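Written below as structure tokens is the structure these notes are about.
Going by the order they are written in, the chains are A, B, C and D; count residues from 1 in each one.
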């Protein structure tokens, strides 16, 4: 019984962020994560400062011990440990403590970096706080809603980019001083140009190549209009949805602000809606997101 | 009779994507296309690996045979073969199998690449699936609707770019170390700058040139606001149109797609509408677009 | 009398674009303008091909004669010649024929280029056709409406850019291999970065410089959200305005689609409005644009 | 009493911008600020022209005296001098006159630049004029409203950028000719790429590196859709809010700012609304923003 109570208490602290202790724990966790990232980033700078590296290694050990403890606590206090262990974050947590122990036996230090960088994703745990806020929630929702259009758009982009890359390869290949040595390189150039990144490591040298790349740029310029359009229109749509209300009779949501009768059951919507709107909003949105 | 049946069966498989077999065929086709693209891309990398090239050539032959067979089947089973043969995709299909046979007689291998890259457009056939979905459909519609504005905008951009290029040529030409050797080059620079691609292969060296190009950048920065605005406003308009229905009783508009009762007078909106919605949508939208 | 008739006839042809002859004239004019631009662009390429240059010079003369004739005709047939002569296009026309004659006396060939490039603006004359179309009209209107916000935004950008440039100068100046030689140069870099053009002709070399420029990029990335937002919101607003109607009683415009009574005089708006909407729209918009 | 009157008079001139004298003072102030910026910018160019530098120093002194006088006047005439002295602009004003006096004792000329550049922020004082206009006000409001989403978005970007930088470091590090020498450098590259700035000072050399950076570019291309979407949707929402009024008779909403009669029931909307609109707007919006 007491054991169960302890578990619940730990659960609220380690997994939850509602309690005071939970918030504190999250903050400590973030600091630890940022510190570990800082180390990863710096030990590639101070390769030749021995004593710095030593102190980093020590910090490294301490952090790993901390993260290991955290992992074990999570396993202990979670209602279904197996479910956690095989959840996305569970695997991340496991992978992010692994490298240190592997590092003792096999010295693949370089490969540890990537794994350690996963720790960052943990920060999202704390973002759960934000994501419940209207802003983050609505933002994610809009991106999710516009995913279909986006996929459609990117399949189109990929085709366009391959075609343009091939054309540019044919135009510029063989010209002395041309960097379009192969089609993949040309496609790489096409992407660099279409996305308006424009490194300039590969640039046309012939007049016709320059003329063609001008067209590619203008095309990319126009293309660039589409993704914002997609996400924006979704967001505007959601903003409009946001200001809808619940029918007191059938409980269905999605009535416009100026609606007088429920569009599902035809019953009268209470006129006192304005005052309650603020409280209900959060609830409603969850229903919405579940419905969709 | 049986012949006709066979034709219909083939038609459903080769052209359609509704049946199980049709879907399978489409997937195989995509794989074949991607494979052929992969080969085209790689044989410019492995120019000096003989055995790799050999195996590529073999794969090349097999794929060409497959695509040829497909082309003939399409010709055979399509209700009007002539119409297909001279349709956009018909010509693409023909051109994309041509190079291999041309390659046997005249070895213009380099020019085959471009033709082969057209095969990609075939993938859109499978996109037909998506394009019937609201997302793709609405996206294409919005782009189509905003085409007029876009053309207007680009004619403007072209003029601006030529003017700016000329000015920059006058400003920087003759300065030692200047890359603005000719007006076309300066216009190329203007496009690179206006579209915020910024290769950096041509950059101003004089103070006045830099000041002027600063203005060009800020202008391009503002200009860049227009294309998204055009497409977005169209998309928002379409989103709004989508949810536009008239109440048979009070004649008020602005009822959501899923509304069963009028939100103003509470009278019943025809309940059979939902079932018909999918069919009618395309029709309705065309009417709408004609009205405007 | 006949003189007046001739004048009117010429006016319809030279200034107007409604008649068949007027359209023809506009097309010829565009061709002439594009040809002259082509020459300007090319004679900087073929500097060392004498006979090409010679033929260009001849073409040059012919075009100048044509443009001169056009200018004189415009002066002759316009109802108020003085008004035309001092109008924007009148001055452009005058300046664009001037260089050739100046070229005879003083050989400032280089300075003729810029003047000649002004001829491009003439193309807008033909755009008048488009600009009456809903698209161009609405586009220009939206840009005009958002001008206030834009000016406000750019004053902000200028301040930000100067501040960031100064900071970067302090950070990077004096470091060996740094290109931040002066504050204007640093400001130039700040603009290049903020607008995401990123030439790469000036890049940070110190760690702190790179960190700072990272912040500048992210700032520019966010800033870039504002201009599209400004123009888009205006365009969405205009799209909404577009679908409004005229009161039969007071003749005021700006009633929403779902309005039953005039919001100015309170009189009933006719229900047959839908059928007439299409015809009236163009008229209404002109009224709107005049009102605003 | 007279003293108080003088104070009020000065206050209206120095702090306010409503009176004629106040406007004049603001304009003079702007000119002085721009002049001082001009000097700061130029004295890094004319390092070796002695007499230019001398004249600059003189101008410098005069400007500093002017700004000092202004600062003292502000302190004198402001109702609560202490409050002003410790306000944001008060500190700016103090800091911006400090360097000159410090320059007399310690010659840290380079560090004076930054402080002086703060003077620019003073220009915002005059922007107060604009910010009361609907445009600037609405723009700032929209940016403020979308701040939450933006913060959420940027925390996401930072994580993505660190992850991508680490991956790129692992991919490219150790390759001969690679510039990805450390993880911070790789993160710098990731930011340069994600924001589509694309300096090109650090570019991938391996095929896999190029393929990976292609993905990064396309990701950045999509990401770029989000900030405009956020700001735009807020702006559209505000535009809509702006035109939201309730009819006293039928209680329906959605009447334009310039409406005198309800468009649903034709009843009179209070005619005194127009005159009060300007005052109420700020209040109303605050209430609205609190409601949400």
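Methods note: a residue touches a chain if its C-beta (ideal position, glycine included) is under 8 Å from a C-beta of that chain, and two chains touch if they have at least 3 such contacts.
Here the structure is a predicted model, which is why all the values come from computation and not from measurement.
Trainee: Spell out the chains that contact chain C while also contacting chain D.
Mentor: Correct list: A, B.
Trainee: By the contact definition above, name the pair with the higher C-beta contact count: A-B or A-C.
Mentor: When A-C is set beside A-B, the one with more contacts is A-B.
Trainee: The C-D interface: which of A-C, B-D or B-C repeats it, judged by over half of the contact pairs being the same residue numbers?
Mentor: The chain pair with the recurring interface is B-C.
Trainee: Please report how many Å separate the Cα centroid of chain A from that of chain B, as a whole number.
Mentor: The mean C-alpha positions of chain A and chain B differ by 28 Å.
Trainee: In angstrom, rounded to a whole number, how far apart do the mean CA points of chain A and chain C lie?
Mentor: Spacing between the chain centres: roughly 40 Å.
Trainee: By the touch rule stated above, which residues of chain A touch at least two different other chains?
Mentor: In chain A, 45, 184, 187, 196-200, 224, 228, 230, 232, 236, 258 touch at least two other chains.
Trainee: For this assembly, give the contact graph shape among line, ring, star, complete and other.
Mentor: Complete.
Trainee: For the complex, which residues does chain C have touching chain A?
Mentor: 196-200, 207, 228, 232, 236
Trainee: Any idea which chain B residues touch chain C in the complex?
Mentor: Going by the criterion above, the answer is residues 148-149, 152-153, 155, 159, 162-163, 166-167, 169-170, 173, 181-184, 187, 193, 196-200, 203, 207, 210-211, 213-214, 217-218, 220-222, 224-226, 228-230, 232-233, 236-237, 251-254, 291-292.
Trainee: Under the stated contact criterion, what part of chain B meets chain A in this complex?
Mentor: So the residues of chain B touching chain A come out as 37, 40-41, 44-45, 110-111, 113-114, 117-118, 120-121, 123-124, 127, 130-131, 133, 135-136, 138-139, 142-143, 150, 154, 157, 184-185, 187-188, 191-192, 195-201, 224, 227-228, 230-232, 234-236, 238-239, 254-256, 258-269.
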